[in-house]
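For reference, chains read A, B and C in written order, and residue numbers begin at 1 within each chain.
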């Protein structure tokens, strides 16, 4: 490529790590419209041949000002908005928000509500991981697993639909508990799904886990060691794959997680393959939690007595849960009125995505898509 | 721990409190970097979970810079807060926790707080040519909307 | 007809006729291979695939073709317009040209060149110019990267695939497509069975040459959007598409001719007649198969939801019935005609089986990365192919020296190559295994 053409390409692009180009380097602009940037992520890659010499993520294409909206809504009115952040794991978002506000109010949801919340959230985790698995495999070039994953995800969405009428942005929980009692057959549906799912997950593993090409494409790609991961604030499966055995469900239990047995899968290397293994194992553990929870749902009320108008006493609270993608935190400041003074969402995708530059350095273009996939971002949450 | 902090930094620790069983330490903004480094190295708060800000326009120093820290060793959280003024820059903690990079950019984007020592402080979620900082309390969304309509559509907004 | 055409032109009439048939039929065939691909993919992925246009989507290729022709044709502003226009033509012309030496059955061949195989390989390799030029002319980074990948990949895998073919050439002793098939008849075994490693290497090499998954790096959708085709749209894009599928048929044709006995039916040396007639049992098979398809379609027809679909389904049944009649009728025709028609049937059947294998592989495996692709080509396939070729040479000497049979003499070769293959694969594996061990 001629020098003249190189300069032409970079004119108008101003960034620190991508402006200075070596003789054989080109800038490749990936996204915001690209098959494997999972929405509208834009990655500017400085390439030396096919090797990545530097990268920069450009985000914000899906920014909707969720935090500003919160300041103009009452506490209950804002609850549906959080579903639109990580829209593939809306139930988890709702759980985090509702629990944060409950903490701010100084109440707690009744036991029955907490168990139902746990079941739905774990189902949502499976659904989110299934979507990740399908798209990640698709990015790496395996065309088939995505359809199997969606087949199973559909079963989960059907349970959501039967429970609250919505499939994607569910708004399943209310501040103080649940709005709806579980439907007849909820337990059976969940059990049936969990029992079928055990074999299904083995099927996915037959397609991928020992597949030579899959292993070759993921082993040693996008390595993130534990120290870097902690320094970069990375949480969730990505952190666990780097060898840090830390899961908020165990470390600071919320909902009903303290009642159930489950393992926290970890790996050592922190490469793409490890993250794959960790997430696969997490789906099995979620299934385990669901089965335990559904066996024994306590009876009783589903809603705490909190009144119609919520006026939390002035003050602030930070509450976080283990969302499918990592630590999802809500920092809510109240000034004693019916509207939150400030709602800050600590989105796991946004902060995990920061690790991308580190992971991608020295990788090939093909690895870049693998790395974007393995971080498991949802742009709705990155940009809010 | 507050005792240790006070012994070490004296006046820079303004106030320590508990709100809903969560520890909050209010510190002087000038000492933010030093206290952060101390918290990371000595008190083992090795992860910066969140960095954000809150706007209190009526106060003299209108912004709260809020750092949520987590310690893996102790399984504890700590919230550091510092008051920052509109014109006065806050020190960046990027070199202590690289995680702060994007979060400080977001604070700059949304509040206009300048972080001194940040490697690349520019807007992150909003376009580069955006006017104003939306999460400030005096940022009027209605005005923004009517302005946009007037400029781009040439009519008066019905809102 | 003979008296209408001057005798001096006579030798050209049939080839020209064939050429016209190929140019006319091939786009349609490519369209239906796409449909087949989508249907096979859908079946493997637990869904239905195209169902709307015609019964079971049978008219989908025609709808697709119309859509592509009507689409807006976009040329990027800073593209090299001449090259941009020229490149797809190169690809598609070369793909079509290669058919001139392909023998579809003993009778249906445009030119029986004595260097037939060499000609096909040479011409189809030229198609890469279309890809490289197109990628360069688009003035897009994605296209450029795709084109460069494609060039590197072709060079690597052409070598391996070529070496795979040489093992057959040693056995057949000829480059002419007809002679190679004849050699398989004479030796009584398809070369795919006597040199399985030659076949395997060619299978892998041919997938890579046609840029199909898991070697579809030049157009890797999730990385390079569409690789060299990124900036193409509408008709030009469909030319590339046509070239790709035409190339698939070519490599399948080569593999069929060289490894799967070309137009020979299974058990070509087995001549048991149906009692009381001069018809061989096995020759009746094609007619019966198509008859079966016809009856099945007829049975499906009443269950179609829409009237037009019922009609089209019946038409399909009638078409299959017609083919069955032709195939059955051929049994009573002079042997030359019979051989031509049935040869074409078997040839096409094998070609489609080979393409099915392509599709199956595509939907099963993830994509290789570029360096892995190169490593596989240079460090595994080419050494293996060399060992195989040497082994076949030794086998031929053994056969001549000790008068071993054509199958027996090659067994040591196959075993030796298998050993080398395992050695090479093992050599490749330690890195991955070490990391797994550390991880657990």
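Descriptive notes on the structure:
Throughout what follows, a contact is a pair of C-beta atoms (placed from the backbone, for glycine too) under 8 Å apart; a residue touches a chain by one contact, two chains touch by 3 or more.
Here the structure is a predicted model, which means the values were calculated and not measured.
Here A is the chain whose Cα centre lies closest to the centre of all protein Cα atoms. The chain with its CA mean position farthest from that of chain A is C. A separation of 63 Å divides the Cα centre of chain B from that of chain C. For the pair chain A and chain B, the distance between mean C-alpha positions equals 24 Å. One simple way to say how far apart two chains are is to compare their mean CA positions; for chain A and chain C this gives 44 Å. The set of chain C residues touching two or more other chains is empty. Listing the residues of chain C that touch chain A in their complex gives 41, 44-47, 141-142, 144-145, 213-214, 216-217, 220-225, 362-372, 431-432, 435-436, 438-439.
Remark: chain B residues 19-20, 22, 24, 46-50, 52, 54-55, 66, 68, 72, 75, 77, 79, 97-99, 101-103, 110, 119-120, 123-127, 134-135, 137, 139, 141 touch chain A in the complex.
Those residues of chain A that touch chain C in the complex are listed here as 1, 9, 26-29, 34-36, 50, 137-144, 147-148, 151, 207-208, 211, 213-217, 219-220, 267-269, 271, 273-274, 277, 364-369. Interface residues of chain A facing chain B in the complex, by the touch rule stated above, are 16, 59-60, 63, 65, 67-68, 71-72, 103-104, 106, 230-234, 244, 246, 251-252, 315-318, 320, 327, 329, 331, 333, 341-342, 344, 346, 350-351, 353-354, 383-384.
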